[in-house]
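For reference, chains read A, B, C, D, E and F in written order, and residue numbers begin at 1 within each chain.
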Amino acid sequence: MVAVKHPPNNEHIDEEMMKMEVNLDDISGEWLGYVMDKLFEAGANDVFYTPIFMKKNRPGVLLQLLTASNTLDKMKNILLKETTTLGIRYYPITVHRMERRFIEIETKWGPVTVKQGIDQGHVFQSSPEYEDCRKIAETHNIPLKEVYAAVWRKIDK
Amino acid sequence: MVAVKHPPNNEHIDEEMMKMEVNLDDISGEWLGYVMDKLFEAGANDVFYTPIFMKKNRPGVLLQLLTASNTLDKMKNILLKETTTLGIRYYPITVHRMERRFIEIETKWGPVTVKQGIDQGHVFQSSPEYEDCRKIAETHNIPLKEVYAAVWRKIDK
Amino acid sequence: MVAVKHPPNNEHIDEEMMKMEVNLDDISGEWLGYVMDKLFEAGANDVFYTPIFMKKNRPGVLLQLLTASNTLDKMKNILLKETTTLGIRYYPITVHRMERRFIEIETKWGPVTVKQGIDQGHVFQSSPEYEDCRKIAETHNIPLKEVYAAVWRKIDK
Amino acid sequence: MVAVKHPPNNEHIDEEMMKMEVNLDDISGEWLGYVMDKLFEAGANDVFYTPIFMKKNRPGVLLQLLTASNTLDKMKNILLKETTTLGIRYYPITVHRMERRFIEIETKWGPVTVKQGIDQGHVFQSSPEYEDCRKIAETHNIPLKEVYAAVWRKIDK
Amino acid sequence: MVAVKHPPNNEHIDEEMMKMEVNLDDISGEWLGYVMDKLFEAGANDVFYTPIFMKKNRPGVLLQLLTASNTLDKMKNILLKETTTLGIRYYPITVHRMERRFIEIETKWGPVTVKQGIDQGHVFQSSPEYEDCRKIAETHNIPLKEVYAAVWRKIDK
Amino acid sequence: MVAVKHPPNNEHIDEEMMKMEVNLDDISGEWLGYVMDKLFEAGANDVFYTPIFMKKNRPGVLLQLLTASNTLDKMKNILLKETTTLGIRYYPITVHRMERRFIEIETKWGPVTVKQGIDQGHVFQSSPEYEDCRKIAETHNIPLKEVYAAVWRKIDK
């Protein structure tokens, strides 16, 4: 029932990365949805928005992204081209990643990949892959939460 | 020390007003700061923004305003002209207002108006007027919180 | 393994309730934490805060609460006494509640109540009771998510 | 240069619709992204999320949606199946929609549809269609904002 | 009337600490309320949540915490066990703390501790202790704000 | 039509600055609006607020500001005097600024300054100055968006 798809990498890594930040008060949400896609496509590890209160009663957005140090310029370039910013901030940040492995859980609708987080040999976290569950839910016309529930019941037994 | 500037209106009123709402994902924060000013100038009782998560990863803004029913069209007109919306929502809402009276508190830097909220003869709320306190703080170059503290010490004695 | 603790009420009810709203820009978060407790103790069905952008660059808070129509005055009174508001808004709102029943799931650490939502004879929702799970997690010094996982595995089999 | 694709409907309509609301503190963001898609597919006019502060330090989400009155039950059903809620609130809301017409603007990369909002014969709003602009930006590998700028330059001349 | 309970520490300290961050889109608010408690119990100086907009329309949460450098591993461990994260970010941050002293203010309902912040011999900040005020408010059934007001009137005279 | 008002500085600069942060749960929005003004007046490059969820159900505010390293003490001093904080955090952050130049665009209502962002000789960003546009909109009683539209049409031709 549980088949290891990829062997775990043997050690978690505390990696140096870059956090980048941009404040935006002269761009629409429509464009920001697009910018997020572009940054992920270019290899950003994470991109997210926070609502912020800026001067002159402006509801603005703080764009934050996490990227490898050697892709800093690539990200800068996208931010310059696709947003309205004239200033980009960044600082180094350490990222602790758990070892990950991927197992496959068999459900009555087919297999679902489960991502597991491991630390010192112990499985701390088991997450059914969203895209697998979504496809099953849509194909079989069942609630997404029912798919997750079916997977959870089979994990850790 | 306490002089009533305006006699209280004798009864609180449960008034019917209109709440208006607009979702915005294609306008910048810069313009929204401006729109808020225009709506207040036109007589809106309150205008405020909430960050919302809209489709396609768009960080949007929910504009809400409170206005008298007979100014609905005036507000609609400003929203049409100054925002990017193609749809405006509204619904009636009851507003319970406390009786208000304004007293004057003497401080060593001059008088400060205090707005009091009264219900059935009891003072429930005493708020130093922000603009009075701000002016004193700036004129005398003292922290704003020190001005408020001075007023609070004299209220209710 | 599954014992019905309370029989389900046989019909969901579309009930008329009151939504109340207050905008606050002159009160601290500290007091607002307290106000939430007082409103729940007085019987509010729900109380929650939304961050809002108000005039003059003020990060404010929108307090919303849901309550039975006949407790409107009680809530008003708490809001007057415990907040700084001089105006309270409200409007009627219909609440559709699912039928609920409570079942008990046996885990190796003891029983956990599960709240189920039912519509037309179908169980749509099964939620382990947070407080039961929390107590087990703290007593046995295990992660909360492990307790939930154990309960989920036993539901719906 | 400007070709009317659809004739304008001659009058704006103040339509009665339903606003629905659900508070959620026991569901993940991952599922909520999915729920938004399902509600739009089922015909909701708008769906959006607001962050809310709920009891016991829980960062929750307020789901709001706008829908025609006769699709209320359809939306209820999706909310029951796909979220964890046991209670759904709703209230009638009036929606003022501007007349819309769609014109086509020719750019050097091809045509872009522009949605115009009209009130009493006056064009209040011209919005390049996001999907048209996105496709051009991606096909020609140019910044999205450059596409919008090109369209804006040709509108209203 | 004012009795120093603890002598002030004679110097403020610019201390090196660690800021830790986790992005979460696959955990419920219910669990996050619990996680905050666990982190504080384990000695975190501060823990707080920010709503963030993540990919695929997910309303997520940014958990941030401040902790001493030598408790980094302890916090990591709680985050691994109690959340769903597979990656934890951190970076050093300098914390400037004011000197603090605690004085006692006598009110008609009993004593209230007031925390004072001092910089170069000047009292910059006087905050009535919330828990003291809360207990008085609840014991005597009076508004919390009335208790604070009573304390404020006696401070700085 | 396009007159360079200031020659561009020839190189963008990656400058070291300071990011400062304060968590606030015992201050009102009213005071925070004031604090933002004071920090900008004292030379902060940017100041913004984020809503945060703090312990004990408190909706708090995270104040962040960006400032030159040599004005750190000046900002600290304002934060001590004008807020309620007893602890201020800070860390170095690199800021990448684009070259800027200011051009003037002639409209039928008079000139509008446009700020342009340049990188390696290429104009990446053109932003009409808000204050110029606002004044025209108010003087001529026309929608702000119409002023921006007029400026955009003339840029880049």
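The definition used in the following text is that contacts are C-beta pairs under 8 Å (C-beta built on N, C-alpha and C of every residue); 3 or more make two chains touch, one makes a residue touch a chain.
All values reported here derive from a predicted model rather than from experimental measurement.
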{"item": "Set of chains adjacent to subunit D and to subunit F", "value": "A, B, C, E"}
{"item": "Interface composition of copies subunit C and subunit D: same or different, split at half", "value": "different"}
{"item": "Chain whose mean Cα position lies farthest from subunit C", "value": "F"}
{"item": "Per Cα centroids, the chain farthest from subunit B", "value": "A"}
{"item": "Rotation in the CA alignment of subunit B with subunit C, degrees, nearest 5", "value": "120"}
{"item": "Which listed pair, A-E, D-F or A-D, duplicates the contacts of B-F in over half of its pairs", "value": "A-D"}
{"item": "Gap in Å, rounded to a whole number, between the CA centres of subunit F and subunit C", "value": "40"}
{"item": "For subunit A paired with subunit F, centre-to-centre distance based on mean C-alpha positions, whole Å", "value": "29"}
{"item": "Inter-chain centre distance, subunit C versus subunit E - centres from mean C-alpha coordinates, in Å", "value": "25"}
{"item": "Touching two or more other chains - residue numbers and ranges from subunit A", "value": "26, 30, 36, 49-51, 53-57, 59-60, 81, 84, 91, 130"}
{"item": "Touch-based graph of the chains, sorted into line, ring, star, complete or other", "value": "complete"}
{"item": "Complex interface listing, subunit E residues touching subunit C", "value": "30-31, 34, 81-82, 84, 130, 134, 137, 143-145, 148"}
{"item": "Residue ranges of subunit B in contact with subunit A within the complex", "value": "24-30, 32-33, 36-37, 49, 51, 54, 56-61, 84"}
{"item": "Residue numbers on subunit C that touch subunit A, as the complex places them", "value": "51, 53, 55-57, 59, 149, 152-153, 155-157"}
{"item": "Subunit D to subunit B touching residues, read off their complex", "value": "17, 19, 36, 40, 46-51, 66, 91-98, 100, 115, 117, 119, 124-125, 127, 130"}
{"item": "Interface residues, subunit B side, partner subunit D - complex", "value": "21, 23, 26, 50-56, 60, 62, 76, 80-81, 84-91"}
